[in-house]
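Each chain gets a letter, A, B, C, D and E, in the order it is written, and its residues are counted from 1.
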Amino acid sequence: MYDLIFLILFPCIIAFILLLLNNNRIRHAIVALAALVISAGSIYLLVSSFTQGTVYYAFPFEPTSLVMFALEMGIALLLLYLGVRFKQPVAVLLVLVQTVMMIYYEITWGMTVEPEMNLFIDQFSIIMALLIGIIGSLIAVFATSYMDTYHSHHHEVRDRRRMFFFVIFVFLAAMFGLVFSNNIPWIFFFWEVTTLSSFLLIGYSETEEATNNAFLALKMNLLGGIAFAGAILYLASVDPSGGLLELDALLASGQAAAIIPAVLICFAGLTKSAQMPFSAWLVGAMVAPTPVSALLHSSTMVKAGVYIIVRFAPVLAGSLAGISIALVGAVTFLLASGIAISQSNAKKVLAYSTIANLGLIVACAGVGTPQLVWAAIFLIIFHAVAKSLLFLCVGTVEHRVGSRDIEDMDGLIVRLPKIAAMMFIGMAGMFLAPFGMLISKWAAIEAFVVAPFGLIFVMILAFGGAVTVFFWAKWMGKIIEVTPFGENIEDTVSTGKWVVLGSLTAMTVLAALLFPLISSYLVEPYVLGIFGETARLAQDNVIIMVLMIALLLVLPLSYLSYRKQGRTMPAYMGGRPTTPDMKFLGSLGMEREMTTRNYYFAEYFGEAKLLKVGNPLCILLILAAVAAIVGVAL
Amino acid sequence: MSKEVVIPFGPQHPVLPEPIHLDLVIEDEKVKQAIPSIGYVHRGLETLVEKREYPEYVYLAERICGICSFIHGATYCQGVEAVMNVEVPERALFLRTIWSEYSRLHSHLLWLGLAADGFGFENLFMDAWRLRESILDELEATTGGRVIQGSCKVGGVRRDIDSETLDEMVSRLEGLRGELSDLADVFLNDSSVKGRMKNVGILPAKEAYDYGAVGPTLRGSGVSSDARMIGYAAYGKIHFTPVTEDGCDCYSRCAVRAKEMFASIDIIKEAVQKIPDGPIEVKVTGKPEGEYFSRAEQPRGEVIHYVKGNGTRHLARHRVRTPTLTNIPPLVKMLEGCELADVPVIVLSIDPCIGCAER
Amino acid sequence: MISVLTAVLYLLLAPIAGGFIAGIDRKLTARMQGRVGPPVLQPFYDVAKLFEKEDVTVTPSQNFYILSYLVFMAVTGAIFFAGGDLLLVLFAFTLAHVFIVLGAYAAYSPYSYVGAERELITLMAYEPMIILTAVGLYLVTGSFYVSEIAASEVPAALYLPGVLIGFLTVLTIKLRKSPFDISTSHHAHQELVKGLTTEFSGPTLAKIEIAHWYETVVLLGIVYLFFGFNPLLALVAIAVTYFLEVFIDNTFSRMKWQWTMKEGWGVAVTLGFINLAVLYYFYLGV
Amino acid sequence: MPEDQPMTECTIEGLLPAVKAYHEKGYRLVQISCTKVDENFELSYCFDIDYHMVVLRLVVPAGTKVPSISGIYWGAFIYENENHDFFGVEFTGINIDFKGTLLRTAKKYPFSNISFREVESCQKK
Amino acid sequence: MAYLKKSPWLIHYDASSCNGCDIEVLACLTPLYDVERFGIINTGNPKHADVFVITGSINDLNREVVKNIYEQMPNPKVVVAVGICACSGGVFAECYNVSGGVDQVIPVDVYVPGCAARPESIIDGIVKALGILEEKRAKMTEMEAVHA
């Protein structure tokens, strides 16, 4: 139990140290050290606990709950103050509603409920803890040098690095708390902390855009928070003894009893994981410094959303509400993938890809068969690793090249060869065959085929997958173009960043290689524990895929032999003589330069266009889910 | 960030049989800007009037272009004859008409083939060119040349065709009619061909007329304008109405050409019926003095040979305004906002003959 | 379940079979056009010649992607003929295709770049229908394994008429035959010169050709799966299919990318979906 | 029978009004050509309506700037550019001005500078 | 070996021809002449071509283009000059913008006469070029052997 408490509290302590500290070099050191400790801690957790299955720990409820309530009220006051100060009436209203609900809960039941097993650990928590502990802290390390560069580029932004790192570590602590809590009000507390943290981080630059987007994120997440609070009120009112406030008890209580709170909490999950119609906040969140985006998209925040939905998958399975929620995810997957085609801003592409993949996870969890839960967990793992790598690479590129536009990334392989290679691996991890995301998608297809209403999901997956290939491959193509111009400017990237990027790249490949182990030691036992049956990929296929990865690792060696042979010639330019930097004499005597640009098809896949379809559709689906539980309640 | 792709299209490009270049600026396959530029095959043969005497210059006029060769030669001769007030024998005028229409047939078949190739219908290309060979055979049999005939001269023609052969030619053409209508049927009715040409490269009638389009490019926009109606050579004695289509798109231009093939057969047939006996040339003596804009209808449209004599055996000026040159401004308009895949179809739809245009 | 022997046989024999098919294709095409056409062995001469030529590149790295393309195309086929998971086969296929696209991108040439974009469009167009094909075969045979589907006694083609027609449609896209040869065409006369393959020459071009042979064999192998219940009928079906492809190649003009998308996705949401929906209703009652 | 091709002469000031008049009457621009006669450029603007061609003749000394008629007949730019490249006649205000790159000739203004043809061999190995 | 002879791929470029020879080159592909019988394909892309078929003479503008196409062809390669213009400039030799035959710019291996050249002679010329192509290949492998 102490390792759990350590993982929750240690980042908090570091956070306070960093809040007080103003020396940049010491900050670097502390962050690096803390990252090491946290990663080691989460790995220790893995080593010590993975054989034990699910373990529940009794942790004193009363005092902790009081502290949490006090903190919650503090957060509410802070949000109220900020809401008033920035004239955000809706935000103020939402905070008030939620606070009143929580005060009501505290007054009515707070003293009477007595949950005992407040902390727990199982395989899924271990996986989440690893993601948070390793990826989260790597991002924190990356952020140290990133923020140095950031502030040297953006003098207009007030240097609030102390606050920044404070929030980052609080964020990590809250995430640990969230995945270790078995007590639903506690989960809710950590949930609200992540909302606040992301709100503060998104608004970091204090520009008008940043502030607006931060409030947008806040409002949407508060909406989810209210639903979550509603679930707590419902549970407390149904069972004033508080027995159902324990997650395991709730999950075990059967669909009939649990479906109403499950849908409410999953609604909160939908807002947090930025499903349509709530996708706007995550897209808006990219105004934040890139490490924040990496953190939000990979191991924290949005993953909290899908974590909770996957947790509730057994309850959702086979219910009409579950199907509705799954369809929200599926529609989001399809449309967000489509929107990603029309975007040229690298961070926006990554954002929509995140939204899409979360949609897929939600779809899997909503349908909730054992195979699908298996796939959902793998999607969470692989997505976290590859997406954090991609965000950090884009951040690095942005600082070197001065743009985050994909069209400015021509010939990155010439200018930043190692970064480009890492991005290449990251992207391959997102959509190509032997890598993780695709394995999970594949498993998802096979599982959906036999699931209820499977055909709809299979169709959506087939189309969404095709779209995904398009937008990743064209970006990949952009960075590997060997342009005849451009100099290697890679030596300006700091060592710290290299370590982080290198580790994440290695993890992307390793995750794919070690996937059979992860499956048999962590995911399969978890699924078995929940459903009494488990899922896995056939061993033949696993062998083939491992061979394919091996082949992919060997093939670049062939590159060695190319240097010797063959003549190089400029590209075919219709016979026109061309200068080495691809300029040629055009019509009207103008000098022109050959340029290559990707296709975006804005008229077919435009953001506004698809959101216009997706948002109402998803609202309808959510209403359907609500209608379904109202039906149950009546 | 601009999302524009700049592609050097030509001068060497497999869909362009001749060198012309376009700088295509495209975005998502939509052409934003396409300005054609020419000059790769410019020879400057008009200046050779000073080195060649006017009767000898016919050879050069014929070699302005290897497709419209005969009509170039005939139009040049017609110009010199007008300046020198030569009365050309009727039979020669009829023979010129017959050969001109054979040239039109071979040129239209050639174009249909190239157009089919342009939109990726290889089979149709082969079929059109297969039929074209039988037209070339007639030209070769009657003049001695497949593509450059050399049968026109100032004052008449070099060779006669006896009436028996003429009748045989007509009956062979009648035999060809069936195959030609099968071919035309594919161009006019095949859904995939229509899909590639309908509503592509729109050129409204008013623009076509204002921008100076001629020939099938103009007639495809519904404007009835055909230089043959002037009645040069024997056209005045032959009943004939210009073929027009009012779709204003590539399909209409294609339809005009496809239908003109049959009109040509009719013209040849009528010419063979009406051809009078008599000499095929008159002796031309003297030196040209004066000027004349000699006009004729080529497969691609109205051609003008401006001939100016100064009283010597050498002309003072010979200037050719070919249909392709004057169809370039409409082409610029048509290319605006089209799709990348439409570029070859649109460029081909004016039936560009760069060899002509640049001399 | 997995048979290494057939995989090895495939690796050795598929290029020969694919080359012959290409040769017959060219001969048939020529005959349809009223020509004599090249010898049936012509594709082998072409590839042998390409190996005799110099390898001119824009950048050496482009060849790496093509090598990977060839290798993964072969791997794809090997998994297929070893009787592996059909979905895995399809994903390996995509991987191989992405490699040739990347090769075209790497060259930084306007024509190969546009060709690469267009190839991705075709990839996006055919992918859904291909996945639905695998799903359809699973629904009627109960397995995703090629070995089991092929051995199944269920007359898959009878249950999957819509999927079969849909698959044949996207097969035309995959074989890059007219009307869908938008990214690169067998005949050069298109607006993109040679599109995707513009910048490859000599041995590398030969590798692309060989990979294409491998690909053809796998794709025809998928046709076999529809008729696995009667091997003889299956062979006839393959022959008819290929003849049909050549015939379509010769009777259509090249379409634009919008139509390629419309066709590819269209057959998936209509034929594919309706066919599968009916199957779902009867088999699973959902 | 040769056609009747009536010719009217006009001055440089009268050019645009005359062309405009033809345009309003519905004439089609057939072509613009140029001939060098002694030290003068003889420009012929041909218009056609219903198969009747008329010629507008403008004779200007070398070096005169001629106003472009491309504002009236949009397609005239092709002839004006051509005549510029061949003769060096300067047209002012062309809508699409190729600036001497429409037909990039080996010799500058080959049609107005006839002398080199006499002296030099054209074939330069 | 020597598969080069069995599979010559062409690229055709119109330097400043009057089209006469061009259309005859194209006519070679069509059913009457059908050069694909010999494995000949008109690729239109220099990087795939073995035989450079060029019609028309050289002028100032296309000089660089012809050179560029020739350079982009992988070795071994041959050049066939089709028609009198490509051989010497032909009737246009005296034009101010024509500087003569193709051999001024790139080495020509086979000259095909005619104005316009007939398809039969074009095919003849290409077949002759194949022999030269084979010689060049042999020389190339020899050179490689020496270097290795």
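Throughout what follows, contacts are C-beta pairs under 8 Å (C-beta built on N, C-alpha and C of every residue); 3 or more make two chains touch, one makes a residue touch a chain.
Just so you know, these numbers come straight off a predicted model, no measurement behind them.
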Number of hops, chain C to chain D, where each hop joins two touching chains
2
Give the chain pair, either A-C or B-D, that is connected by more C-beta contacts.
A-C
Most central chain, judged by mean Cα position vs. mean of all protein Cα atoms, is C
Which whole number of Å gives the spacing of the CA centres of chain D and chain E?
38
Roughly how many whole angstrom separate the Cα centroids of chain A and chain D?
69
Chain A and chain E have mean C-alpha positions lying a whole-number Å distance apart equal to 60
Provide the C-alpha centroid distance between chain B and chain E, rounded to the nearest whole angstrom.
27
Using the touch rule from the top of the page, what residues of chain C touch 2 or more other chains?
33-35, 54-56, 110-111, 113, 188-189, 193, 198-199, 202
Show the residues in chain B shared as contacts by 2 or more other chains, in ascending order.
5-9, 11-15, 19, 29, 35, 37, 39, 42, 44, 47, 126, 130
Which chain D residues reach two or more other chains?
96, 98, 101, 104-105, 110, 117
Every chain pair meeting the touch definition is listed as A-B, A-C, A-D, A-E, B-C, B-D, B-E, C-E, D-E
Per the contact definition, I'd like the list of chain B residues that touch chain C in the complex.
5-9, 13-15, 26, 29, 116-124, 126-127, 130, 190, 192-193, 195-196, 339-344
Chain E residues touching chain A - in the complex, by the definition given at the top:
13, 45-47, 64-69, 71-72, 74
Flag every residue of chain D that touches chain B in the complex, lowest number first.
1-3, 5, 28-31, 33-37, 44, 46, 51, 53, 55, 73-79, 82, 96, 98, 101-105, 110-111, 114, 117
Taking the complex as given, what residues does chain A use to touch chain B?
344, 403, 405, 407-408, 573-576, 578, 584, 586-588, 590, 592-602
Within the complex, chain A is touched by chain C residues 1-2, 54-64, 67-68, 71-72, 75, 79, 84-85, 87-88, 91-92, 94-95, 98, 101-102, 104-113, 116-117, 120-121, 123-125, 127-129, 131-132, 135, 138-139, 144, 193, 198-199, 202, 265, 268-269, 273, 276-277, 280, 284, 286
